[in-house]
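Okay, so chain A shows up in both of these, paired with chain B first and chain C after.
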Partner chain A sequence: MSKVIERPRYVCALGGAIGTIQSLPRAIPILHSSSGCGGNLAGALSGASGYNGGNYCGGQALPSSNVSERDIVFGGEGRLQEQIENTLKVMDGDLYFVVTGCMVEMIGDNVHAVTKRFKGEKLPVLAAETVSFKGNSYYGYELVLETLFRDFVEPAPVKDAGTVNLWGVVPMQDVFWKGNLGVLKSLLKKLGYETNTFFGQGETLENLKNSGKASLNIVVSDAYGIEAAKVFEEVHGVPYITVPLPIGDHGTSRFLRTVGKALGVDEIKVEKLIQEERKAYYPYLERLADVYNDLDFQRYATVVGDPNYTQAVTRFLSDDIGWLPELVVITDILGEEQKERVLASFGEYESGLRPEIVFDEDASSVVGYINRHWPQNQGQKYHKGFAPGVIIGSVMERDTAEQFKVPLLPVTYPISNRVVLNRAYVGYSGGLTLAEDVLSLVVAHR
Partner chain B sequence: MDYIKHKVPPVREDRLMACQAYGGTCGDLSTESKKGCLYASKRTFSQTQGCQLNLSLGMISSMRDAVMVIHSPIGCGGNLIQNAGINKVFQKLRQESAVGLRWINTNLSEVDVISGGEAKLRQAVLKAEREFRPSAILVFNSCVPALIGDDIDGILDDLQKQVSAKIVPIHCEGFKTKIQATAYDSVYHGLIRNLVGEDNTAKPAVIRTPEEEIEHQAKISKTVNLLNVGSMSRIDEEELVRLLKALDLNVRILPSYSHPDDFTYAHEAALNVSICATHDDYFVEHFKQMYGIPYVLRTIPIGIANTNKWLRDIASFFGIEEQTEKLIAAETAELKQAIEPFKAEFKGKTAFLTGGEVRILTTAELLHNLGFEILGLRGYHFDKYGEILLDEYLEDVPNSEKAIFNIGSGQVFEQANLLSKITPDLFVGHIGVNGSAAKQGYPIFPLFGQSDDYLGYKGVYEVATRVSRILKNASFNKNLGKNTRLPYRDSWYEQDPFTYIDDSASIAARIG
Partner chain C sequence: MAKKIKQIAIYGKGGIGKSTTTSNISAALSVAGYKVMQFGCDPKSDSTNTLRGGEYIPTVLDTLRDKQIVRAHDVIFEGFNGIYCVEAGGPAPGVGCAGRGIITSVSLLKQQKVFEELDLDYVIYDVLGDVVCGGFAVPVREGIAEHVFTVTSADFMAIYAANNLFKGIHKYSTEGGALLGGVIANSINAPYAKDIVDDFVARTHTQVMEYVPRSVSVTQAELQGKTTIEADPDSNQAKVYKSLAQKIINHTESKVPAPMETSELRQWAAEWGKQLVALESGLIAPAAAGNL
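On to the complex of A and B.
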């Protein structure tokens, strides 16, 4: 049985789907749901995601059938039909995408039957049943991608060896998604590949439509986007790999080696690129040689959040800046298979560190794990605790950080105490940004 | 009014015949509303809006020492996520030891949808009690369990025997109403049924000597409940408390930011003072019915005219007219002098306002008084309380019959269309719709805010200074206006803004 969750860090499949669609260029989501679902989810998609706004069509601009009690009794298909017709007249988009809320799923509306009537019109109208009692935001992301891959991406029997697709960075749930996708794209460019990231800066629906010709799909996650990758492979015959989200030198060098190998890039070329990147990376860290050591900047760390970021941040802290991220709390709902894959991404540290990793969805549990890992002082004269410590998590860790009197850097969703525009944490450049942010906290907290 | 015996309160479409879709002028609305059939109109194209669950959370999630249980699949209540970790700041202004937002979602799954969500609800309530030992557990019911037919009251009655927190069921299922303001009724309903009055089974009744009792009654005869459902900032509260104290009254503030115990003796008051009928009519009517406590409900103290009206209503109840007139005279004389410079500055400028019916009509009067011409208003909904205020507004603000009045919650496509046609110098909007107007390049004054003052005499001055500041440099929004695009077709702006309001049903209702 699924569990009740104290302060969940995600919303429902509908919310994840809306966040995903509204991050595509000029795409218009059409909600077939109760009037409140969209408005309710808007806060989670914007305010909680570093004030992302609604992009082109989000927030209160979202078209929604707003089915009410009456429609629940008589069925909402007629209302949906009317809503789609009028949406096409009022809203200016290149792609329309119907997504559903729980209520219409419970009454059994057949949205596919309705959207089929719009087939052959000038503009594409897609639909996905984003059944929100079956899954959360990530499931919604997965469903939207699957639908795009099946119904929007055009068949391309001839593949282009120089093009790849990349996903697994979930818009909104990764607050830095747009910056991150940009970094990954330019990194792969350096390896010699054009990359479709679908959601990043400068992407077009045309690119998405033609993405079937790619030679490889790179899923930058051990948890998200994998089902969609299977669909892509089945429909378009493009294989996929999964690779952990990379932050800093150690993470990104591993990333390049994995991707390079899968693409059959010459090993020497990959190593040369890594060397070049390091030559740019370390002179920045070098600046901190005095202050890091004069003031003893090493810290214990607790890392809290989704599997993508927690593994990336842990590796960065451990292997790039020599910290002790001894405790990791992963807060997403994961199946056993997912958990196993995710756990495997927390290994092989240069530092030899073996962090304690726990899976727990409840926000207030974090305090307990910290106390268990570093037992509290019971009045002993000699005691070793979570000090000096730092928490890398979300804004939900605010109280926890206050309680332990340690600084908090919000990196994982939700983030409502920072404004995020094009900041990126992935890649070599992102590692420097993260070093800047986390070490600034340490200096400011002196 | 007597709905408290029922488990679930009625929706506003039924109780107040509230209207949620209309487009016309102030003058037309005043006439047509009196015919009483506007409630039947609807939209054939709509945008999302928010439901009474969202608003219920907005109203009462600030309650101190409480844990909320959202009984729903994982998405409902998602709005709270943006306040996690932040809300505490506002609570702390009222109580140092505040702990911030705590909530549990029952995460209803497919299995629960088929076989009922009762077990999950039990789990959540027991978890809230075990982990946090709060004074109250507020349970918000959503659409899905309502449709499954979960007997939440039955389960909660049963659970109440096992937990020491007071359990407050709130029936705020979104799909039942398009009038979000039904939320106020749903929350008050739960609070009145479960928190008001001493629970003599738990605590012995207070025993007083005759002298103490006389003193106690004297205190009650000078005590008012001042109702804040979240639309008053802490500074606003302080301003109204200042005015009421100047009239020698004791003030108890409910329900936002309050502690569950604050309700126990809420019925020990001489008068309920509302600042907005949209918020409080359900509460004050029931308190009158149940405890014989009268109320004032007419208007919100925004702007000089309405602050005066509000104070006079209170004064006439306590028979302290003379004292009040002196206060009003002193306050207004001082204020009028202070705002004089702004009048020259704002002369000839135009404004458009959107938000709750009561708040926009009074804020419009305030701006008019500062020199603005009001070109149009958009209300979330409209009912008999709006009708009274609209008529007063038409009297207070000459020549406003021709100003636009549009009714709709959200529905920013109508707003965008209107703004492209009437181009005001200032847009005044409620959160949620300001970004849209910003992308059209308008300077924006937020209709309310958790950190700013709007109410009473001080509010008038503060609003004037902030509006003046905002108008000094609107470059940010101008840049957005030039460089961004709203998601509507060009052809939409050529159409009538009210094209998708279908009032055939209300015409039928009128004829039939």
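On to the complex of A and C.
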């Protein structure tokens, strides 16, 4: 029997796919599944992603074949065809995307055979077999991207040196995805590049369709979107790099140097940009210097969540605001190769920090790791356990935070106790936002 | 006080003679005065053909495809001597889920309590070849049938299939599933064929219910769309089927079989193979062959 994961921090592949498609401009997901999938997933996605309910044709308004027993016994392809026809008639989109639930995958419905019948119609109908017994949200995200790259992005033999694509920030799973993508796009603009982020503010399907002409794909993750990048490279001949999600000066400066190097940007230009950004960034933090010392703002921290955020938050806490994020719990299911890449992103701290990093999918295990890392006071005067401490994680760390009587800032999925619109944590500006949020916790009782 | 309905499932490798044997058992039970339903659990839906003059009846699933709600009485057809015939039916080959179809059909009749209403003595499920998935194990599972009989010949592939079925029964036996009544040895003509089946049942801790010879009377009856019981009631073959039916009537206690491990089964088959080769090449005197 396989291991049970207590309170997982993702939904199924179908859910990941829906979250991804509904975040694309003017794309309409069509579910080929039973009616429960769409309803449950819409609730799970919205409630856990800072109440991002999806827009037109998202959230609870998802077209679905709602297969019933009859369709299971005889096969659901006919029902799907009908659903696609009807959706094309009544829903106003520019791209239709069929994704599948477990039951139709079990019985082997051939969705590609059905969508093929719509080839040559005015609007494209794509399909991905989002087999939820094979993976979670992130797998669904990869599958959608792979399908878009294979079947929607047009071949572009001539590349444009001034254009890049960027992904790896997973819509919904990164609750701040929209804001984050916007920040990354404008940073790269300052380096002189046009960036397609596909999901961010102001993106269009047209940009996605023409993304084959980009000169580089930047995967802002050591775990997600890499398979899709391989597909992009294979189909469109565009190379890719992976780079950790950047928060604050230290993370973002590394990000700019890595990307600049890969793009062959003049080093002087990159350093100049970094200096400019720092000039804007540090004065804000300097304003806090006195009070930071007088009121002792420094804290121990436990960072819990996905690989993208945990490494970024840890570097930010350690090197940008001088905290002691000594314990990191990474909660996603990762392969050995992924783990290695992820571990490598937790090094070279300016502060000399050597955080303890554990991979564990269970929310309740965090307590044990905290107690192990910071043993409780056993009569000794200066041994006070995890205090003064802060947990940066998801809403699932609430019980743990209460138990240790420390504040919690939820920044990783799921987040149900914050409403998130365009807040961003990445980049220099996002670093300041995160500084505001974590340091406010320290003064919250005043 | 409702009487207890005896529910029986017949399994076995594809083409081994399940439907022929089942229909003859149904016919013999019916002639003996019992109220019988034969339930074909096979998308081919030909189980009850020889009870209905060779014709196909509309299946539960065909009916379900056309209407949202199916009344059990729309899918029950009377055949020879008033036997109730039902075919589960199923999707076209290669699409949908035939296993789910069986579950749907069986539970539809169960829900509508037709077995009780028709005051049946016997329900016999004739189930498709190999138990490929959960759906086809339904009659064994969930206490729908209490007794399972396996049709097998002395061919090794048929015995493999029987052994696989035993594994399934073994697995479900702890969860209130059906138990094994015994083996119906079909097409047993050569003397060694009986010995092979006897040896198999001894090793797997079960019994042979009946040895049914291969007979042209079966073929002739089938060509007329009839069972042997109907077409040729006084034949020897009909007597064999009647004797089999009587043994099923008398049968009360089924058991958990002891299936062989795959490697054990292979070795067992290989040893028999060697003996058969020796027999063919005349190394063993024909007189001694009867003892093999």
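The rule is simple: the second predicted complex is superposed on the first by the 436 of 446 C-alpha atoms of A that agree within 3 Å, B and C clash if a C-alpha of one lies under 4 Å from a C-alpha of the other, contacts with A are read in each partner's own complex, and residues count from 1 in each chain.
The working rule: contacts are C-beta pairs under 8 Å (C-beta built on N, C-alpha and C of every residue); 3 or more make two chains touch, one makes a residue touch a chain.
In this text the structure is predicted, and so the values were computed from the model without any measurement.
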For the combined arrangement obtained by superposing on chain A, do chain B and chain C clash, or do they fit? fit
By residue count, is chain A touched more by chain B or by chain C? B
Is A:106 contacted by the first partner chain B, the second partner chain C, both or neither? both
Figure out whether A:73 sits in contact with chain B (first) or chain C (second), or with both, or with neither. second
Let me test your reading of the model: by the given contact rule, A:65 touches which partner, first (chain B), second (chain C), both or neither? first
Look at A:44 in the shared chain and tell me whether it touches chain B only, chain C only, both, or neither; answer first, second, both or neither. first
Just checking: does A:265 make contact with chain B only, chain C only, both, or neither of them? Give me first, second, both or neither. neither
So in the superposed three-chain picture, is A:56 touching just chain B, just chain C, both, or none of them (first/second/both/neither)? first
So, does A:231 touch the first partner chain B, the second partner chain C, both, or neither? neither
Overlay on A puts the nearest Cα atoms of chain B and chain C apart, in Å, by 5
Intersected contact list for chain A, partners chain B and chain C 69, 72, 106-107
Touching residues on chain B, where the partner in the complex is chain A: 43-54, 73-86, 88, 99-113, 119-120, 123-124, 127, 131-132, 143-144, 147-148, 174-178, 180, 410-413, 432-433, 435-436, 485-492, 500
Quick one: in the complex, what on chain A touches chain B? 1-15, 28, 31, 33-44, 46-48, 53-54, 56-57, 59-69, 72, 82-83, 86-87, 89-93, 102-103, 106-107, 131-134, 136, 363-364, 394-399, 414, 416-417
Please give the residue numbers of chain C that touch chain A in the complex, ascending. 61, 64-65, 90-92, 95-98, 100-101, 104
The answer for chain A against chain C in the complex is residues 69-77, 106-109
